[in-house]
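If you scroll down you'll find the structure; I have some questions about it.
Per-chain residue numbering starts at 1, and chain names A, B and C are given in the order in which the chains are listed.
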Amino acid sequence: MAPAETKPRREGAVAAGLLAAPLALLMRLVDGPMGALQRLIGERRMAYVFILPNLAFFSLFVFLPLIINVIFSVTGGAGLFPSERPFVGAQQYGYLFDCGSFLDPSSCREDHFWRGVSNTARFTLFQVTAMVLFSLLTAIVLNMKIRARGFFRAVYFFPVLLSPVVVALTWKWILQRDGLLNAAITSIGGERILFLVDPSWAMFWIVFVSVWAHMGFYTLILLAGLQAIPADLYEAAEMDATPRWRVFWRITLPLLWPNMIVVIVLALIKGVQTFDEVFVLTGGGPGTATLMIVHYIYETAFANQVQNFGLAAAASVVLGVVLFALTLAQLAASRRKGAA
Amino acid sequence: MQGKHWISALALTAGLAMGGTAFAQTTVRIAWYSDGNEGEVVADLLKRFEAQNKDIKVVLDQVPYKAITENLPVQLASGQGPDIARVVDLGGVARYALDMRPYLKDAAYWEKNFGPFLPWMRPEGDSSAITGFMTQLTVTGPFVNKTLFEQAGIAMPSAKATWEDWGKAAKAVADKVQAPFPLAMDRSGHRFFSVAVSEGAKVLDDKGEPAVIDDGFKRAAKRVYDWHQSGVMKKELWGSVSGTAYRGANDEFKNAQVVMYHSGSWQIAQFDKTVGDAFDWVAVPSPCGAGNCSGMPGGAGLVAIKTTKSPEAVAKVMDYLASEPVLSEFYARSLFVPGHLGIAAKGLDYKDASPQAKAALKVFSDQVAELSPVAYKLQGYVNNRVIFNAVISRLGQAISGEGTLDEAYKRIEADIAQQIAERKK
Amino acid sequence: MSLVTKLATARRKPGRWHWTDIAAYAYLALGVVLMFGPVLWLGMSSFKTQAGLLEFPPSLLPMSQKEVAVPGQSQKLPLFEVEMPDGSKRVLAQVRRIGIQAQMVDPEKSGETIRVPIDKRTPVREFKLATENYTEPLERFAFTRFLWNSVFVTLVATIITLIINSMAAYALSIYEFRGKTAVMLMVIGTLMIPITIILVPVYLVVTKLGLVNSLWAVILPGAATPTGVFLLRQYMLTLPRDLIEAARMDKASEWQIYWRIVMPLAMPALAVLAIFSIMWRWNEFLWPLAVLTKTESYTLQIGLNAFQGELQTQWHYLLAMTVVTLLPVALVFVFLQRFITTGIANTGMK
């Protein structure tokens, strides 16, 4: 937590003030009742008071829906309310896992689900690798002695603020048959490339666009880590005339590792959840080459004439279990790191 | 004194707040999506209705099409729907439709003028309800860039030419003038089945249940598949996206990159507006297959919804919009093929249209008579979108190189069976 | 920080360029083009006419065909550069086109009609902004209403999110209490659930609460973000405990400690959450589309997408309206970029 640049600029303070003023007023109003409450229930139990509003919202809009989703997944039919849906037990899960061979999606009853699984896995792998490499490279460059660092840092962060739909629309406009990129290629005498009709190109571009849109965020996390590395370590290396790549390998990378783990895990989770960007950019095509799991769930629940909430819910429960496992793995990883 | 001021101020505020209900107004809400200018036209017509009926306020909620296909069914199922909705999935929404017969001024007028289309909007098993009318009757059919044919010096195939003839001609023209798309067809079930029906596909068996894969269907599927292999069609539409997503080639056609574009009557208005003087485009009669020369009918219906609190007001709005003068004006201004037999028989004068657009509208209107009964039956089948979606999704996969046609046939049958089974649970 | 870099780069002699410097600047320059270019291109495209959007190769700037008034013609005529049979070039105005022949006149000396094959002419064009892409949809829709709804949703939701998330984070970072582990597990476990997959169940809950078509249906469900709680808690854990103990000694109530001491100290993390909340809420599309069906309750994102039809998307409007919704984001960014980027760096996200 380097207190390097905690002084927010004036503009920041003004904007924060806009939000903070009504907040402060509200806080002052609640002050009296809260004090009375504390005298009534004691200091320790105030914890429950603090956690209550969030928990109430959370239970109502996240936890309850998750339970309804589990109920959906063990019922069938086209009804919307759980009471209208007949119980079918594990049948929906049975459909999902009805496969001749788990290595060949086309042998599965729900082949699109398994294509989604394999595409998502491949996409996540490529995306995490590229994301880590490019955000690390960018963070290192931004950490060098360069002019206008604030500007360049902002440049890389800028796309993080765009909505996924805008990101996808922007790139679609560039990549399509008559887009900017093909204009550039033909102007230097090349042949048009149908980027979104070729499965390998389509996969390449969704990874590229995803890295483009999110790397700014990860770069900042890594940059913070780089800046927190004690300077005397570099100094010592300097005295020993250690080669720079060795310094990077022996000092920078190990000390940056906690931040790297954050980046890897967040990118991993984001990758598994990917939907809007890819949906708008490639529509899951060509064929089903970029069809993701969440897209499959969305298509099953909404786009079909018979909105199959049961099957979609079963798929989302499976996805949820996988994500939960990933999270626990992250916790375990960061714990071990903390202990070391 | 002070107190009195307060009271009058309060009364004034209350009066303002209730302004909407001052005449005990009933509000009717219409969920409406637009492809072109039809939203503006209907808003204009509704303003006139409100002027005549001070007791009814009509609110037109203009929504993206996505809200109609994906969210409206959920809203209807939970009882949160609008009073009237403009929908395309007529069979799917029919379960929530209001039978307006008790409220209509003259049900016989509806029977007489909307007769063939009423069954499309009826719930399964019902044979008499009146639930809505077609804001737009669409007929599938091809547009041809006549100028490209002239530049290539190749004659256009005649009126009764087959799909095969057109495919060859379009390819020859495209090769000569270097147009990237010889023949383009929307990625849509209606477009595919217009080819399939003309090739003799029956789609439904005698009991009205789906029996999709037959020789006619296979001929059509093979034709489309082979066209993609030989370069008559490009993978950008059918091969580029997954699942049920729609893709059209209207932008490419407007840009003179397509020789022949198999789409439908709804394109006329925008072609008229945007192609302008750049090239000559014509609509041609639907090409023939082994069976007949039929296109597919379709379109968007305006359907009254059962959960409405004021069915009388809804029926009044519907009676107004469906009345002959109002509806003719609507069709004429939005350049739609009329879904009203009386208007169709008289012939509609599209005042604002160019001669090109008028000619095209005539071609499509004439096609209505050529439609095969199979095409009508498929359009009226409640679960038709299940069939359409399965075909688009699986045929698209085969075209993009994921699996063979035979595998696609098996998947299509399995998809349809599973979804219909789910609905019957 | 600057000390670190100075030391890390100390071996280089001042004033001399090491090859890594050049590589770094080249990388940064490429970054500027790659990061800003696409959005700039989107912005410029939004000023092109419907026909201009479709042409290939696309022109860099919005251009449209030049038109001139020719004596004897009621309407203005489009100008073309024509290659004459003898190889010379002339600028002519087109009267009409019949098949593959165009009838043209010389705008300088009208009267004589020249017949030209259409592939021998290229349009003469001039720079022109198609501002109607913006004005037409904005006039047609209740833009101010949509804007107000969006601003209301964004601000109220952000304030609620900040309050309840920071309260929960305070409880989870400062106190020991029964059930704490369970709550933490719940927060972390749902950190990864994308809204798309619980859309229908949340819709059912909102329906039962009678909130459909109210802006609260958009505001409330996303308020208790696990991400927010997690981020704030991690930051609060790093705050010095002595401060809190000292305040307790001074008889400050727990609530006072929370908002007088912890909140100001957690400002950087709160700012990050505020900014993300603003972005999420402003850009939200799928969920509002499901719960808002009445025009008067539409947010900008829904209202401006109304011209995405079944069969046609009016690209010129769509691009222009995308830019409109992008503008506030761009403004926030321009004014707050330093605040945002340092805020994120300082919360460390560990």
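Remarks
Please note the rule applied: a contact is a pair of C-beta atoms (placed from the backbone, for glycine too) under 8 Å apart; a residue touches a chain by one contact, two chains touch by 3 or more.
The structure presented is a predicted model; accordingly, all values stated were derived computationally and were not measured.
If the chains shown are joined wherever they touch, the resulting network links each chain directly to all the rest. Set against one another, B-C and A-C show the most C-beta pairs in contact at A-C. With each centre defined as the average position of its C-alpha atoms, the distance from subunit A to subunit B rounds to 38 Å.
Averaged Cα coordinates give subunit B a centre that lies 33 Å from the centre of subunit C. Note: centroid distance subunit A to subunit C, computed from Cα atoms, is 18 Å. For subunit A, the set of residues touching two or more other chains reads 80-81, 178, 302. Annotation for subunit B: residues 69, 71, 74, 78, 255 touch two or more other chains. Annotation for subunit C: residues touching 2 or more other chains are 54-56, 200, 204.
Of all residues in subunit B, those touching subunit C in their complex are 29, 31, 33-36, 39-40, 59-69, 71, 74-75, 78-80, 82, 88, 146-147, 150-151, 186, 246, 248, 250-251, 254-255, 263, 266-267, 270, 274, 277, 280, 300.
Taken together, the subunit B residues at the contact with subunit A in this complex read 69-71, 73-74, 77-78, 89, 91-92, 180, 235-236, 239-245, 247, 255, 383, 385-386, 389, 396-397, 399-403, 407, 411, 414, 419-420, 422-423, 425. Residue ranges on subunit C touching subunit B, taken from their complex, read 50-51, 54-56, 94, 96-97, 99-100, 118-119, 140-141, 200, 203-204, 207, 212-213, 289-290, 293-295, 302, 305-312, 315.
Residue ranges on subunit A touching subunit C, taken from their complex, read 1-6, 8-9, 11-12, 15-16, 19, 22-24, 26-27, 30-31, 34-35, 38, 43-48, 50-51, 53-55, 57-58, 60-66, 68-69, 72, 80-81, 137-138, 141, 143-146, 150, 152-159, 161-166, 169-171, 173-174, 178-180, 182-183, 186-187, 212, 217, 220-221, 223-227, 229, 231, 234-235, 238, 258-259, 262, 266, 269, 272-273, 275-276, 294, 297-298, 301-302, 309, 312, 316, 319-320, 323-324, 326-327, 331.
Only residues 76-81, 86, 88, 106, 109, 111-112, 177-178, 194, 196-197, 199, 282-291, 295, 299, 302-308, 310-311 of subunit A touch subunit B when the two sit together in their complex.
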